[in-house]
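Below are two complexes that have chain A in common, paired first with chain B and then with chain C.
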Partner chain A sequence: MTATWVRRFDATATPDEPEWLRPVRRAAIDRFAGTGFPAPRDEEWRFTPVAAITQAEFEPARPGSRVSRDAIAPFVFGHAEWPLLVFIDGRFDASLSMVPALPGGARAGSLAEAITAGDATLARHLGHHAPVESSGFTALNTAFIQDGAFVHVPAGVELAMPVHLVFVSSGETEGTVAQPRNLIVIEAAARASVVESYVTLAPGRRYFTNAVTEVVSGEGAWTEHTRIQRESDSAYHIGLTHVEQAAGSHYRSFTLAMGGAIARHNLHVRLNAPRIETLLYGLYLTRGDQLVDNHTAIHHDHPDCNSWEVYKGVMAGESRAVFNGKVLVRPEAQKTDAKQTNRNLLLSDGARVHTKPQLEIFADDVKCTHGATVGRLDDVALFYLRSRGIDAATARVLLTYAFAAEVVEEVALEPVRLELERLVRERLGAGD
Partner chain B sequence: MSSPVETLVNNEYKYGFVTDIDADAAPRGLNDETIRLISAKKGEPDWLLDWRLRAFRGWQKMSEPHSWPNIHYDPIDYQDIIYYSAPRTAKPLGSLDEVDPKLLETYTKLGIPLSEQKVLAGVAVDAIFDSVSVGTSYKARLLEEGIIFCSFGEAVREHPDLVRTYLGSVVPASDNFFAALNAAVFSDGSFVYVPKGVKCPMELSTYFRINAEGTGQFERTLIIADEGASVSYLEGCTAPRRDTNQLHAAVVELVALDRASIKYSTVQNWYAGDENGVGGIYNFVTKRGTAQTGAKISWTQVETGSAITWKYPSVILQGDDSVGEFYSVAVVNGRQQADTGTKMIHMGRNTRSTIVSKGISAGRGQNSYRGQVKVLPRAEGARNYTQCDSMLIGNRCGAHTFPYIDVQNPSASLEHEASTSKIGEDQLFYCKQRGLNTENAISMIVNGFCKEVFKELPMEFAVEAQKLLGISLEGSVG
Partner chain C sequence: MLEIRGLRASAGGNEILRGIDLTVNAGEVHAIMGPNGSGKSTLAQVLAGHPAYEVTGGRVSYLGQDLLEMEPEERAQAGVFLAFQYPVEIPGVSNAYFLRAACNEIRKARGLEELDPMDFLDVLEEKLKVVEWGPEIMSRAVNSGFSGGEKKRNEILQMAVLEPRLAVLDETDSGLDIDALRIVAGGVNRLRRPDNATIVVTHYQRLLNYIVPDYVHVLSGGRIVRSGGKELALELEARGYDWVEAPAGVA
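Right after this comes the complex of A and B.
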């Protein structure tokens, strides 16, 4: 379906497009026209059967879907005064959003509006970090940059409250595609927390979300980035989060993936200077015949950086999970300390997991380890609980929740953590 | 500390001499005629020629795998290789006395005790010189037990039914690019059959050596352990130094029937090329075994040579309660590249596998562990433990880990651990303040790092392994 997209690009009239954006989008569509979507033979996409997405026709979602505030309410959490940006099928909806004045000149708003306003920060960063070479999906998203979230926290500014970005799929018609594009710039010594939620109003609908988020973390900045993916169980979700970190910065990410027929998230972090700290946590919960794929890559290019990664998965039904964690250590990156863990729990006979924890090390004075496990619930622990009078089903849920909750505990911001715990409990059938 | 470490890994290739004997070689290039010539030279039956030709047809449709292995080299010109080269002998050899003395001299230089059996007493050696098996020892003693240990060519002549039953049963001719090439042009190799319930009374050993320039070595080994039988097989490899790259594409098939046990140990020390990456062996090997109910297959490898190593000794755990093991030490230095590991395919219930891989990278060497552990839906209670550790010496080399874990049964239990480290200053300091010099201290630490694998080598082979692992390492082994 590559040709359809190229035609769409040529047909899109963008008279008021700023001069800097045109070449970015042009280069992306050229790249996409040349390479198209990933093929099954592509090592990076071996276990993600994207043919279902790439062989199908998806129409760009039409703007103007009417969504009520009540319909959004179940996806909004935390405090009422948190900045809230709501996007319907990839377009910013001002009437559903709530953006108070942020301190120190910080901004959170629509990307489309910032493009029109000719924002200089945006021009400097948008499309310059997430490489279009990383996959056909990224190239496609970049070629059709239109709207999404733009969060900018100037140097030294601390945001006390997290910014919540809610991407809603209205599901009004079957077979639509939305391609939100987000840019988050946290400048030197600034501090911010951003939550990205991907949700749907039509749980049975087949649609496609192709999201790209660029995160720029300045010197000594502190960023917490939470991503909650709760798409329809029939939907397709492809996401790329690309992070650039400057010296002494701290970036922590938590990814919860529980929706989608086929859902894939690539998280790429570049450590561009010394003394950086990167913490990546993830949890994937799959059921039915879902396939959820998490690919992470941590590029250690400079000395004295630490990265710590823990991803856990619970698979039920006939579902499949894929984990691929790459840690690359360049020759200059001496004194790197990198630890990666991936643990998987299989709940049923039909469930399946592919895990590939991958190390590529070119420096000698480093400490790099990874570990991966796959197994089921511990019989001894189950027996212990049952000997204490807890029935088998409850014991299983308790142990499963305990397994999953361990990684959720790492989320620093309490209201976000509580919401994540609630979502996990709800999914696993554990009561309050 | 770098200088003693470098001497440790920088010792010159000691086995780089060329034996100047008259070779009977096929013309360069590969086509139907080459295959017919090889088959005719070996006096093979029609079915085998057909098998080769079918493999060749398949190979012509395949392409060299360049995308996934973490190795880089210029495409090989398969028409510029001599596919068959045999030392010219007037008549078939009856005993070792008739072997060309120059050949025996070569083996003596290598320390292969073909004529000095006292050195490796109790080891039967089937030496492969280029492509033809030149002599087999201890045959009589083995025959008493009903064990067949002979060259592949001889097995085709003497035991065609066994060969026909099992040839290609583990590694089909269409398995992969290099296996298909081997199936088309394989010249010789070893064949072992151990009958039901027989424990092979001695370690079987073979020695591969590539001699003629521009030749590829395509040997094929087939080992069958019948029900309840057990055998331990040792393989060692060296090659003279030359400037052109030589291709080695071998296939090893192991068949372990019910309750049988096969242990296969390799010390590979082909010429690695010089420090600029000129010359050296391209080693593309397919090794695989099938284990039936209660059977056990154990691979141990010490890989120190070759410009490129591409091999993944694997076990298909077909039968219930079968066991697979893989122990590996891979050393790269200079410009060597190794992409090696294993596959453990769990099909039967309560199957177990263990993987221990130790990679040492020095110079500008690139070392990759690539492994797959797959648990199929029927493999109730499967277990795997994987440990792969890397050690880097200097910061111009690389260590990479690519483990693929694929689990389709919830009762399976898998653990994978990997670490990367260097020789710690504190470890060195501790050893030195106990009166060890730097070199001995490094030896000791490297030995400790590899110990779990070395202890798996049969005692008789440990002597060989020591020699081949290099001068400085010699003192640290065992």
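Right after this comes the complex of A and C.
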């Protein structure tokens, strides 16, 4: 409800809010007050019935939920030395987090603390990249910027270990909203891997997560960004990841979406200079009456850039999936090499997918391809496995897992890849 | 071991098998020859339980069980193995994983303990020798991007690992070079035991020099129109199928 949010905004003024942040938030709430949430007729949101979110009243989650280390343990993976930032209902929890001293002045910590500390990098970037025009949800998140993760890797610094950001919904009360806001700045020739996990302690709870992450990738930087969305099956999740890439940088993303009653992720990447490489991989697994929507947009504004995108989906039950992949190639972006693939596997008669590649190409010397497929398990392969003694149910799981695992293989960091494989196996009911 | 009586089967509304009678005893090798489209692969697939074929008549008993009542996986677990004329590519599933999964299903059915990946490697090492292969092939996805000959050899590797009682080899010799043919045939011979039986479907008498059959059958128009000893294959090679196609001279 738009009016409620505008009223809430007026209550958020604090005397110690830095001068640069107030106008950013003010512009966002003005935008939100003017346009509100996306309407059903909005083409960008056509298949995503956000009315369930926008017509409901969600109370901002109260800070201070007591969550034990044991409760978080199932969501933590990799090595104990990995920097781990835990957020409970959108607020940083220092006692559950583990942030070792990082090399070369690199930092990973609470956004709220960095705001209070008057961090200059933060002031330069926060709210300056993800446009509030992109949707009412982004505007709302920006208007209520408060906490989240701030990761900063200075020029030339390599982080050997990934930074894991775990956003936990405590589910202490029904009907709450958390709006984490994250900023990841990987400066020139730096190298880092960041994992965002969205998880819940209350699998049946209805709540709302509205997350925005801005990523700034400097010249020649290498970034691997993994997003694991495993919210409650009754939750709503709206997320925007907005990426800005400088010359010669390499950004690779992997998105696993398997939670939420309605879950939407927008991934927007701007290629702001020549010789950029962008790799977007995604996997969505839906069941029951879930709806998972992935919208990606790759903006090729300069020459000699490559983008490679593969999203795959497995839909069961009565679930719905949406994939929309925009690739925009401006006239000056000659020698663009862009390839997009979306492959979908329907496991039931009731499952549906809407897939829409959207290539808008205004340069003539480019190589741009796309392909979208929707299919079922291959009967011939199924029979082949059964003819070797593997029962039908196991054979189905094996083929389904093989379909899904192919895209997970693209994750560069092995421990992250192994965890993703474990999650996918667990979800699909595949054994070792 | 296998008794087929009056077997009829159709697919897509067409009757393909029109009354097959065939008896295979333990220890025997039977060769099935016949022109293209005569129903050889259909017979093989029906024995393996392919759901695309509808059995419209007759019965098949295998080791005293009603084979046609069994699911494809139950047949495999009971020791039936079909080497496909066109082995299927399974991207994303490694040969090693697939073979171990299959091997363990069959071991379970036989009341044997499942093999963990390490134990399986030992078994595999032995079996790879049968097809004169190194271990590299095991990390590749099942048949994915394999050459025609490699796919056929992979079928024999599977057969070696699964140790069937009844193996049906559907044109496993087609598309093999001379060396591969020798290896495949050698593999089949090494796996022969008094308590198992083999049916080889082939177009070439050449294979039967390596795998010497006890009986040769000619399938034509969905029926076995002639049966004989190994000399029949030589005669077919010399004279073609025309002279046997009328079902009059069934042996």
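The working rule: the second predicted complex is superposed on the first by the 431 of 432 C-alpha atoms of A that agree within 3 Å, B and C clash if a C-alpha of one lies under 4 Å from a C-alpha of the other, contacts with A are read in each partner's own complex, and residues count from 1 in each chain.
One rule holds for everything that comes next: a contact is a pair of C-beta atoms (placed from the backbone, for glycine too) under 8 Å apart; a residue touches a chain by one contact, two chains touch by 3 or more.
Small disclaimer: the values here were computed from a predicted structure and weren't measured.
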*Simultaneous placement of chain C and chain B on chain A, clash or fit*: fit
*Between chain B (first) and chain C (second), which, if any, makes contact with A:Thr394: first, second, both or neither?*
second
*asked:* Contacts for A:Ala402 in the overlay, against chain B (first) and chain C (second): which applies, first, second, both or neither?
replied: second
_chain B versus chain C as contact partner of A:Arg376, first or second or both or neither_ = first
_Let me test your reading of the model: by the given contact rule, A:Asn344 touches which partner, first (chain B), second (chain C), both or neither?_
first
*asked:* Touch test for A:Glu426: chain B only (first), chain C only (second), both, or neither?
replied: neither
*Once both complexes sit on top of each other, what is the least C-alpha distance from chain B to chain C, rounded to whole angstrom?*
14
*Considering the complex alone, what residue numbers of chain A touch chain C?*
379-381, 383-392, 394-395, 398-399, 401-403, 405-406
*Within the complex, which stretch of chain C touches chain A?*
48-52, 71-73, 75-77, 81-82, 84, 87-93, 98, 101-102, 105-106, 109, 141, 158, 162
*Going by the contact rule at the top, pick out the chain B residues touching chain A in the complex.*
67-68, 375, 377, 390, 392-422
_Complex contacts: residues of chain A adjacent to chain B_ = 41, 43, 331, 334, 344, 346-376
